[in-house]
Amino acid sequence: MTLVNPEFAEELEKFGIDKTLDCFNCGTCAAICPLIYEHFPRKMIRYAQIGAKDRILENYEDLWRCLHCGLCIETCPREADPGDLILGLRRFVIDNWRRA
Amino acid sequence: MSNNTMKFDTVVVGGGIAGLQAALDLADQDFKVVIVEKDASIGGKMIRLAKVFPTLDCASCITTPKMSAAAHHDNITIFTYCELKALENAGSGITAEVRQKPRFVDETKCIGCRQCEYNCPVYVSDEEQGGFNARKAIYVPFSTAIPQLALMDVENCTLCGKCAKVCPTDAVDYFQEPKDFVIEAKTAIVSTGFELTPLENKQQYGEGNIPNVISALQMERLLAPHGPYNRVLRPSDGMEPDSIAYIQCAGSRDKSMGVPYCSRVCCMYAIKQAMLLSGALPLADIAIYYMDIRAFGKGYEQFYQNSIAMGIEFIKGKVATIDAGENGTVKLHYEAQGNGGGVNIAEHDLVVLSLGMVAGWNPEGVCPVSTGSDAFIETVKPKIAPTLTDMDGVFVAGVAAGPKDIVDTIVEAGAAAMEASKYMVAMARTSKAAA
Amino acid sequence: MGQIDDDKREGKEAMKKLRNERKQFIKAAAVKMKEQKKVIKAIKEQIKDNPGTVPEIAEGTGIQTSEVLWYLASLKKFGQIVEGEKDGAYFRYELVETEQEEAA
Amino acid sequence: MEDEDKAKETTSGQKVGVYVCHCGGNISDHVDVGKVCENIKNVPGVVSVRNNMFMCSDPGQEMIMEDLKNGTIDRVVVASCAPSLHETTFRNAISRAGGNPYIYEHANIREQVSWVHHGDNATEKASRLVAAAAAKAKGLQPLEAFRVDARKHATVIGGGIAGLRAAKDLADRGIEVVLIEKSPFLGGWTAKWDHVFPTGDNASDLIMELAPQVLNDPTITVYNCARVTSFEGFVGNFKLGFKTQSPEKGEYEDEIKKMIESGKKPGEFIPFVGVSPSSGIPDASEEHTVQTGAIILATGFRPYTPRTGEFGYGKFQEVITLPELIRIIAENRENEPDDTLKVNGRDIKSIAMIHCVGSRQIPGIHEEDEDKPLNQYCSRTCCSAVLHAANMIRETHPKTHIYDFYRDIRTYGRGQEELYEDASKNKVVFFRFEAQDSPVVAKNSGPGDHPLLVTVKDTLTFGEEIQAPADLVVLAVGMEPNNVSDLVEMMKISEGVDKFLLEVHPKLRPVEVAVSGILLAGTCQAPFDIGEACAAASGAAVKTSALLGRGYVELDPFVAEVDLNKCKGTGACVEACLNKGALTLVEMEINGETVKRAQVNPATCSGCGACTAVCPERAINVKGWTLKQYEDMVDMIVADRIAA
Amino acid sequence: MSAQENQAKILVLATEDCAYPGADATGQAHMSYPENTYILRVRAPVMFPEKFYLDCFTKGIYGIIIMSCGVECPYEGAYNALAARIEKVYAIMRDQGLDSRRLRLTGICTVCTRAFVKEVKQMNDLMAELGPPGSGKKAA
Amino acid sequence: MYNPRYIIDVLADNIRKTRNPFGASNRTVNKWWKDTPMSTEGDAMLFTGLMYQLAPYIEKTTKQIERFEDTFFANYVWLNKYVPKFLVKLAFVFMASKKDKQPFNDILKSVVKILVKSNVDFFYKPKLDYYSGILLYDLGDNEGFIEHAKFVAGKLKEQGIKKLITVDPHTTYAMKVLYPKYIGESFEVKTYFELINFKAQDKGRQVTLHDPCFYGRYLELSDVPRKVLDDFGIENIDVRNSGKFTSCCGGPAESVSPALTKEILSKRYAELKETGAPIVAYCPICLGNLIKAGADVEDLSTFIARYA
């Protein structure tokens, strides 16, 4: 059970990410990602969309798997820049550590 | 003004279902209409389809009566195989400059017997049949074409003279020249339709180079009674496919392809084809990969639910890439979003791309009518007068003003005819008042 | 008579001119036609005695399966080949004996 | 009996001319045309047999015209290609020669003979088909396309956007119009919207562009508070009775109150009500009758009313429908707009919007009421309407968060996918559910001061259960057709299983119903958005214009005809008739006796011949296609003498 | 087909909106079929009384195929009325010892070329098997 | 997989202290220029960003950490407190030998040869040739990146440098896109292959270009080397995934998961191998990776320098 937190998307703007909710969850990024790892990166994007901050912090390691190769950005049918969102989430996580 | 000038009330640009319907609705009100068609036959895309949703009646059963009604109508003149050079309204009415391309066959003599085609020695890939079989270098476009006239494709002709020799009416004319003429009219209806989203727009879908990945329009031909194989076979080797997949939004709602809008018909035609396939190949597995199923029209949702009940599999997830597999199979990479899903690779015998629609005509340099960012003709009052363009006396019908299905196209064609006829009545009133 | 001869000569001249104008097309089409004749002959030869499936014909002639199918579909359209029995997932194709169809 | 038939026919000329086409070898390569001509000479009634390389060519047609003009022949048979190609050609040729085009019969010896058969049998078959055609031609009578006078007058029922559009279109085409609206106001549901998707047009602007045009047009008469009470007649000549009366107590109470409060005069737009015509609201009831040529039904829709408890509707006051939300949005704009949307002064920090309420219902999944079938259809407009509303809220009230619960987002139309994208850009959070796992709306006992909690199994989040606390739940209710069962009954038109009015064929005749002269416009037929409803209205208007424009309706001459010499008034034909009303038994005087006899109404007869089959006296036939003609044709097919 | 076999005449009643253009399409595709078939264009086959069919058999027609538009029939209700009538004809045929397979009701559309040929061929094969009507007086 | 948290901390710490991710001084790492005569004044500065120089260190490092991945030690390898020395100055531990460095140094010399042949007015100042800091950005340490970038840009600006000639995609991206975006400092950035300006003819030769992600997608420069090859009469046989749609070599994952890198690399190598032609790479990471995979691969610069 997850409680939605719509403010998280706004919070992410601080980390240079303003397209959190642009994604319409088509799954292209997950399928095209060279990592072929579960639902990555859409899973992380989805968590960001619904504001499941804890999930992101719990699963932060996944964020650093990303090669930042840009294939998902190139292919995204909505130009939602999934790869950049992952980078942004890395910044969010690091910020979280440093502030802790 | 040359003697090549003809006068009509309305010039209809494009003889597909929208143009035909608009022309008929005007002609039935006693307006004189001329249809200018770019292809060698009227009928547009619809005549190329197998069956149509949601009634599943055959497309030609609906199109041919309209085609022949237009062809035989006293108030309708049809020019096929024409290029529109200019369409303008200088204030005094519409002027259309038209160039009729040479058929190299005298249309007053040709009787459509196809002797020339039977005897021509050059085989040419028949695009009317999705390229799955051949026509000849001289040919009648298709069996229900109107007019039933042959035309020659000079790029594939060896000038061997066989066609001229066998023609019973001496209709072959190797020396035919293009004919230029001018049409003057009070109004124009633009019904220029669509083309499919080019396959080249999506590298991940193979750009047309992966065997057994075909377009939905090609599948229409495989399903059609006059089809190239007369049945559904895999084009790479003639195998009857056991598993067929549809890839939705393969040319719509995809900014990476430059087509951000929804093409509106693909969900329904994929479902329709899937149902027809499950009739033609009862043992085959059919899957549709989709993002949202858009079954919005009258009877469409019920049609969709029926297809689920028939066992057609719907998989939520946009296919990311397509690769060639072993032995002619096709591999799809996608993220399955159902329960316990994940990144998957599925293998199918035949894959159909549900390609979207892009504008069929670019008016730039021909006609000053505005287009939207989607390249379709802009309408100025989409809510209460949906067929009005920003050009005086010019109206738009059907897909020319954005993707739509046949039902909506036919209704809108009627609306365009209404607007055009009102315009002409008002014009007559003003000129009477002035006089 | 003289008039007809003149017309004929003029026609010939015009044809010659046209041939020259379309030289490139004619050349390409002729090459294509020649190749097609060869392929059609090979396919027909292959199924002369025994109807074959696309992969069988491809194997026998060394022509790609997709091309074999294209030719079979085309020859079928122009009445030279008919589809026969199904064999596994493939259909067999056979020659039409004469131009006179089966009704005879 | 059959002798009688023959006797009658001999009196009407039987000089049949037969023309056989070679079609440049297409026919003559397989059919021995000479032999066919030879064979045909023996057929009774045939006086001339000629052939030509191309009958369709000018010289070919000239042959026919020449023979007709000099009186050699008075019936024509051409044996050539399929009738679809040249039947009209030859009929026109006959007309040009001053003949009646219906004395023509076509024999198809190309598509149905020479292209499919070869050898001697082809020639024999061709001969028999030509002989059969000659036999049929012998029985042909000159026919006149049937004309009935049509009033250049149409009635539009329904004063919503579609009705207004249709009325104005018709008036512009010179057709007199009566517009009948059941409520006191024009504008229908469009008047009850604020800004409309996807253009953002102000609904009142749309109404105010059309309504004054309708009200000020001298050829349009508008009756509000009016209901149809009777209907009779046929295309071109309908008689419609209707009654105007002041609304009953409680009816349109809110709207009338709003009108009074607004102080708006007739002809002015009253927000969320519409436009009152100059007649105002009638005090007394009055009966009217109108003679009209065609009727356009533009009776519109009503939004689905959720059942009590459906997504908490009726149970929690915070659960409302989309039309209610649209009003709230407008009210917030009128009052000082705030960062947060307000309802009765209450801050709305989060809204949950739920799609497909009262649409896309699935038997076995959705609860079925006994008296009401499930709405299995998609209501087409709700997705875009929801997203448009969401965008308006997010853009004006950035502190109000929006959650959107959908099954499929159906932003199909031009400019609609952009609404979806804008909603995403506006940070609307989407959740997708399967029909069997609909969101559950409950009282929020958890954190925050939000009164409601929406729980959903979200397929976008891998099937996880997600909870969204909400201050307001908005149900995107679908469309249902307005109840017009009285009109359906009166006019004998059909409803589909979805209760919307049924067209003849969605593609062939999309705005017509089976009853000629009655047309459909807008949401009485199916859910549409405003633009689509207007297109349908114009589509219906153009058909009406074509129908009535000439002042008469020309009908196919192929209608049933009663032979009064034979009719005994059994009524079997009336029983079998598929177009109720096309055949009736009427009293008439024959030889001083009053008897009942069948009478055809040519305006409504479709010429199917269902009557022919059942008449025990062989007294009724479809003109040009009589049973006798078919019998004669069969005789020619089986006859010995044609076989050469 | 020999001339004698050609006596086995099959009557095809083809609707002008669907089956008749379907037969034309078959011709345009140059697909051959037995020539003992006589195609008559009809508006709607609902016009024929029971007696018409029975008379045809008496006159020497071997078999009849009614090719209608099926449920797409432009005359609402005509198809159902036709189907009901054909049931009656079958009953009479059985009474008279006529094989009811001599009369067939099918739906053929404007491009149903294969279906058209199939119907015709099947009926032809059946006629070859059954012989002339009334010859056997045996119910199948 | 290694815990990214520790890696980031180490790298950030190294860069802060030494301006170099491996904790080695730039002077130790950057020695290639010593026997290459170059002007110290000119129009544009050759700015290598030290990526090619660091490539052998990266390789050595990954070889070591690969041994520990997915073992009990994985998360402890990086722990500062347990092995502080090992950590802070990686370079001393995994010192790259001269032999390891040689091929990478040759690449930079080739670049110089190409620039000279193309008559480019350029200069080199080893002291100003800093690491761009891109790895910090990639790993999400924006603060660290910005701090370092400000330092680098400051040094360059101090010397009035406006034009840079870069040699690798990562540095190019950093200088061309990230510096203006994050610290508001803009340079006129060109890669060396955009400046090639001489003729050659080598008909019949075939190669397959492997595009780095940054050039192919982010910077959309992959058409430039193709044009150069084409002009030289060399046939480039593209694999399906190239240019905008190139496949990653796996390199970026190296610091956290060499195993992952290996997996992705082997897939990419299989794709490239299919053409049968020798591979040409133009990124130090890709190059190092492909060499590791056993590929017949050469850097674009050494390949082109052959004609210079």
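Order as written gives the chain letters A, B, C, D, E and F; numbering starts at 1 within each chain.
Everything below uses one rule, namely that contacts are C-beta pairs under 8 Å (C-beta built on N, C-alpha and C of every residue); 3 or more make two chains touch, one makes a residue touch a chain.
From a predicted model like this one, the values you see are computed outputs, not experimental measurements.
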For this session: Treat each pair of touching chains as one step and give the shortest count from chain D to chain E.
Result: 1
Exercise. To reach chain F from chain C by way of touching chains, what is the minimum number of steps?
Worked result: 2
Problem set entry | Greatest separation from chain D - chain, by CA centre | F
Problem set entry | Between B-C and B-F, the pair with more C-beta contacts | B-C
Problem set entry | Maximum centroid distance from chain A, chain identifier (CA atoms) | E
For this session: Select the chain whose centre, defined as the mean of its C-alpha atoms, is least distant from the mean of all protein C-alpha atoms.
Result: B
Exercise. Cα centroid separation between chain A and chain C, in whole Å?
Worked result: 58
Exercise. How many angstrom between the C-alpha centroids of chain D and chain B?
Worked result: 24
Exercise. Any idea how many Å lie between the Cα centroids of chain E and chain F?
Worked result: 81
For this session: Between chain A and chain E, tell me the centre distance in angstrom, where each centre is the average of that chain's C-alpha atoms.
Result: 68
Exercise. What residues in chain B touch two or more of the other chains?
Worked result: 65, 204, 230, 253, 337, 341
For this session: Would you pick out the residues of chain A that each touch at least 2 other chains?
Result: 24-25, 39, 74, 78
Problem set entry | Multi-chain contact residues (two or more partners), chain D | 84, 117-118, 409, 421, 460, 462
Exercise. Okay, in this complex, where on chain B does chain C touch?
Worked result: 118, 121-123, 125, 132-134, 137, 154-159, 174-175, 211, 228-231, 233, 235-240, 242, 328
Seminar exercise, completed: Counting only contacts in the complex, chain B reaches chain E at residues 57-58, 60-61, 64-65, 143-144, 224-226, 230
Problem set entry | Contacting residues of chain E [partner chain B, same complex] | 17-18, 21, 25, 28-29, 72, 109-115
Problem set entry | chain B to chain A touching residues, read off their complex | 204, 249, 253-257, 291, 317-321, 333-337, 341-344
Problem set entry | In the complex, chain B residues that touch chain F | 203-204
